[in-house]
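As structure tokens, the structure follows; a few thoughts come after it.
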Amino acid sequence: MAEICNVALLGQKFMGRPHSIAYLKAGRFFNLPLVPKMYTVAGRDLIALAPFADRWGWENYSTNWKDVVKDPEVHLVDIATAPYMHADQALAAIAAGKIVACEVPLAGTLKEARQMKNAAVRSRRAQTFVWFPYRRYPAVVLAYRMIQSGRLGRLYHFRANFLESWAGPQTPLTWRFQKKYAGMGAHGDLNTHIVDLVRFLAGQEVVEVTGSVAETFVPSRDVPAATAAKGRRPARKPSGKSDVDDAVVFLARLAGGAVGTFESSRLATGHNSTLSIEMNGEHGAFRLGLDDLNTLWYFDNREDPQIAGWRKINVTRPADHPYMGAWWPEGRGLGYEHAYVHAVADMMTVLGEEEPTVPIPDFAEAYETHRVLEAALIAAKNRAAVKLSEIK
Amino acid sequence: MAEICNVALLGQKFMGRPHSIAYLKAGRFFNLPLVPKMYTVAGRDLIALAPFADRWGWENYSTNWKDVVKDPEVHLVDIATAPYMHADQALAAIAAGKIVACEVPLAGTLKEARQMKNAAVRSRRAQTFVWFPYRRYPAVVLAYRMIQSGRLGRLYHFRANFLESWAGPQTPLTWRFQKKYAGMGAHGDLNTHIVDLVRFLAGQEVVEVTGSVAETFVPSRDVPAATAAKGRRPARKPSGKSDVDDAVVFLARLAGGAVGTFESSRLATGHNSTLSIEMNGEHGAFRLGLDDLNTLWYFDNREDPQIAGWRKINVTRPADHPYMGAWWPEGRGLGYEHAYVHAVADMMTVLGEEEPTVPIPDFAEAYETHRVLEAALIAAKNRAAVKLSEIK
Amino acid sequence: MAEICNVALLGQKFMGRPHSIAYLKAGRFFNLPLVPKMYTVAGRDLIALAPFADRWGWENYSTNWKDVVKDPEVHLVDIATAPYMHADQALAAIAAGKIVACEVPLAGTLKEARQMKNAAVRSRRAQTFVWFPYRRYPAVVLAYRMIQSGRLGRLYHFRANFLESWAGPQTPLTWRFQKKYAGMGAHGDLNTHIVDLVRFLAGQEVVEVTGSVAETFVPSRDVPAATAAKGRRPARKPSGKSDVDDAVVFLARLAGGAVGTFESSRLATGHNSTLSIEMNGEHGAFRLGLDDLNTLWYFDNREDPQIAGWRKINVTRPADHPYMGAWWPEGRGLGYEHAYVHAVADMMTVLGEEEPTVPIPDFAEAYETHRVLEAALIAAKNRAAVKLSEIK
Amino acid sequence: MAEICNVALLGQKFMGRPHSIAYLKAGRFFNLPLVPKMYTVAGRDLIALAPFADRWGWENYSTNWKDVVKDPEVHLVDIATAPYMHADQALAAIAAGKIVACEVPLAGTLKEARQMKNAAVRSRRAQTFVWFPYRRYPAVVLAYRMIQSGRLGRLYHFRANFLESWAGPQTPLTWRFQKKYAGMGAHGDLNTHIVDLVRFLAGQEVVEVTGSVAETFVPSRDVPAATAAKGRRPARKPSGKSDVDDAVVFLARLAGGAVGTFESSRLATGHNSTLSIEMNGEHGAFRLGLDDLNTLWYFDNREDPQIAGWRKINVTRPADHPYMGAWWPEGRGLGYEHAYVHAVADMMTVLGEEEPTVPIPDFAEAYETHRVLEAALIAAKNRAAVKLSEIK
């Protein structure tokens, strides 16, 4: 009989739903050594919180996350709030001896991320996880395993993009465009994921950011109607300053000598949300992307050149592909939410002292990703290369 | 406060999981006038049934479907058993005054399908649904709406394929290859779906099967090890006869004059499970498929020819695309199971006397699809065209 | 020093340019045992003929093809006229002891095709070629060789389409829509090519047409302005009858048991000119098409299923791919006209008693393709299957 | 009657064939105000030169390019030699009052490029052309026109890649890896083209290289067998130093504020020769590439978002698409060499004082592209941003 892991979810907004469905599904589709129980959820908006808890089956709810974090019944604290709140919540949870799972980016600033990492390292008891769910699509795992087994060889090049387009000039000034709440723009939301994926897949650290551009294409945006002053119609629409990046593009070098680009944008017209990564190595090449997430493209460079070609692998065979034994007959693909289900399944597996499908980053590893983001911002500011060894 | 609809699921094997997850998710992601309650599940294998009910949250379970069908607490009987059992179960459920949702193909034989249809028609109370979930992917619904609004115009051609490849010569003789259990092979499993989709999208009936081939490429298969005689090793592997089709391909004409092909196979090497449909009409053309289910391809034939082209529509925008308001931010795609969630949501919507996203076939409409399958089998046998008016 | 082959081209219209550029290029890019010389061109329209000969470098021209065919200087007669003229010209050329290269379809009617075949067979001297240039794209040749070497295995299915869309209801009544000139519509223009390709690639004959539809979607078309009566404006646009097929779709069976479809249309909205063929066999599958003619898709069914996938082979490597040694560095693709250059190169190679890259059909082989077209028309008329053995 | 332009081709090696076929075809497919005549070809290797001239129809040949350049019969000098020879030849041709067409990159060094530009500017008579043939594929021209007409709007992002993979560690040390002959590696061969294309399509200059990496992944290569010392077998294979870049990747900013990447490599495994460009602007986005050169992808951002999507435009319609009126019926694509034919056609058009399909760069414009290459090299060396205003 599997043991129970009582979960407390902090934050019921943006990531509340994917986390909730992940807890709901993980134990039904996977045979886990530890089964997550949706114990409680904390949020600030009581009006929204009660129906949320009811709908998703959270047994309790609270508007005070500090109480929740200290609740002796809680085993795992899942931080799904805005980045600027992560550090306080994670430090409190670690102090309370909880297992902590934190959303990305790890924190609003590098300093906070460092505090979180240090707290985790100092506390011998602390088990920390960082949600990097995109590691957990079957195509990504298959690529990882193929690369581990030598099918990439020496890596020469990579191209990593995460392109969205929802932030055109007409998009109003929400909290996402304000540094005090969001910390960063596309850089934190999007580059975080692809930096983690490249580090993960290549099995190498970024050692230098060689050049970088951080751009706010639309520095002034209309204040949303609801937020604008009530009672009288303004002569013209009030506007405010957007002080986060709309896009960050940077050149980087990995420890093994590979050179590549990271690009994230909220104004890449034509892309709803296109994460794509390509890697070219001595023995092979790989390409994968979120908009066709059940597919892995692979080029075998040791194949007879007459019949070599990019191979479109449909990663949906229960008997052959990572995680797919838990799902459907071959050919039936997964969607966005499944990465979250896999993340929960792997966390429970780790907590049950078994091997996860692929490693889950802890705070220390997520901090490495955060250092790369920081280096890119400094390089953009300095208009010059920055070595990672310069970033503490 | 939404009312409750108590569901009884008959059959916990193949379709048990997609139906269960659909009931679990529908009310969480959609605001429904009626909320499904996972009341009871019936199955023959008691050893498997109890943990299934426990895992999925079915409140009760039973090995006697006849009792379940008569249970006054049950509102909706969901038939997810093998086709040869559908008629008995559906007739009993209708007789007991239940709402009935039946898996496809509607029945093992046309005669049984006709009995089911007649019972549904005779019983004034009977509300029947047939699960044709593929109608309910956002790309299919978008195509349907665009066609309804005149963007196809007069239809000239269609090509509808459902291609799988799991039934190579090495695949052993399971029940799926035996007529007495399965009724049909690829024809029942696969052509059913694409005949429904073409009828649905075109808004026209098939009026003639002009030519047809039903083929059993591998007529003799090894008996599965587990089924073979125990106690001594056989001199050679025992084999048995496969008496269902491995593939059925047929030419058809629609009421409006369009000509097209339907092809289903279990030996289409290279295809895990590729459902694809293309339609070419006077004003435009459409293409969609299961292996890229978040995409609709559209060609606008009234566009300036200099810039006309097949348009790849990523059907994932919450504000713009069918069902997507219930899910994730744009660019995050759905997977296989979501069609089942949408089917449950639409059934509950209909029962709540609201408009479903798109119509759900009842027994009478599913019977029309079954007649087309029958016509294709007769045409294959006769090596000659068959008019649908000849099929009663 | 290579010998010279004096070519006489009959017809300077539609196929005059691709044939001319083929003669111009073949000897420049390929080292041939026999070099084509553009000796003379025959056509009916003297006004157009002289500048055509001048522009392309034909040394002579004539409005009397009968003289040209008898000219003792002529070695090879290339018939590039409308199908209804092929028989007369071919018979005369054979009688005059010439090598004959004939465009497709071989003739306007099966009877004429039979006469041509018989004349060729009877004349021991006659060397006949039929232009089936699509055999000669590198991707097609590579597929052919891979299939020959066993990479397809037992063939189960094929799908062969040749889809165009230029013949909408607004397209006027040119000679192509009139049986007396064109013989057939899409069937002769398009199905001819894909029947040849399937026979060639599969290495098997069609043994049965199981069902067929020949459709004239637009039976009445406006007479072109230029052709309409001059001098006064008609009260309404004069229209005339189109008596050829706009589309022919048929089901066929090959000698080895495979079943498949052939489909050609001039009203397949969205397709400029899309020839595509897919074959699914026991050991592998192949897919290729004219709209991406430098690519061959291959699925290796004997590969480890974990990493098996459709492989996109870029067939442009000089050292590895058919014909490519004559052209450019890898990655630089060929276009439509190159198939014609390859056909000329292969004809000269055969005439020089060397091995062509792949076999060139003669009249006898092209007649087999014509029989399949005939069977499809009879099956469409009879609404019943036709065995090829019934077609003489 | 069209006038004649006598062409002298300098160099019969690498670019000798595409230039020759371009001269051969241009006047046959296009109606030109001036017709190129293949007057003479100059090369150093007499053994190879005579058969080359014979095969391609060059009326004369010479081993002394200096004589050729002064020949009063010559109108246009076409420089198709290695980059380090361009300056001498161009200066001599300009001095002799010839029209000059020069291959890319413009010169081996920026200094030479500047000399060439200055000579052209100083000489009032000089008409100079630089072969940037990739501007002249129909898809590129269509994109250019659509952008000119406002369909891109404010440009935010671009990604420009030119990826090859022939220079793995086993590839021997040819002249292409030696700076004294080749000047640059992938940067000169490949980045030249995409810098020109981005400048051309965007209609904006590069104003800053923000970061850059120039990488020689394989610094030591085996000396080719033929070049190694003869007479005795060496104890081990002799190797030599490769002193050009294998890859150059850089970040750049355009005058209008767009940010983007340029990447060229000879070690991008999986790519035979993949040139691809994507541009994302306020009103639309464009994507095109050499490996599918008859296609333009276009996203219309002003379209109803419900049906907006990347549109695959098949740029082959004679009545609608640039250059296609000269070629084949719709759907028949062009290949690599056609860009060269179009370049000759446009040069003749300019010389005949008519409007070319799109502008042809002269030395002054090609010099701007060369400055960008230089800036990228300096930025790579300095590990810091370089403004183009710093490059003279």
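Going by the order they are written in, the chains are A, B, C and D; count residues from 1 in each one.
Please note the rule applied: a residue touches a chain if its C-beta (ideal position, glycine included) is under 8 Å from a C-beta of that chain, and two chains touch if they have at least 3 such contacts.
Keep in mind that this is a model prediction, so the values were computed, not measured.
Among the other chains, B has the CA centre that is most remote from the centre of chain D. Interface comparison, A-D versus C-D: the pair with the greater number of contacting C-beta pairs is A-D.
Distance between chain centres (mean CA atoms), chain A to chain D: 41 Å.
Remark: chain B and chain D have CA centroids separated by 54 Å (rounded to whole angstrom). As a whole-number value, the distance joining the C-alpha centres of chain C and chain D reads 36 Å. Residues of chain B in contact with two or more other chains: 271, 310, 314, 317.
Within the complex formed with chain B, the residues of chain A that make contact are 18, 20-21, 24-25, 27-28, 55-56, 164, 166, 271-274, 290-294, 314, 316-317, 327-338. Chain C makes touch with chain B in their complex at residues 156-157, 159, 161, 163, 165, 168-169, 210-213, 215, 217, 247, 249-251, 253, 257, 259-261, 263, 265, 267-271, 280-285, 287, 299, 301, 310, 379, 383-385.
Of all residues in chain D, those touching chain B in their complex are 142, 146, 296, 298, 305-314, 317, 319-321.
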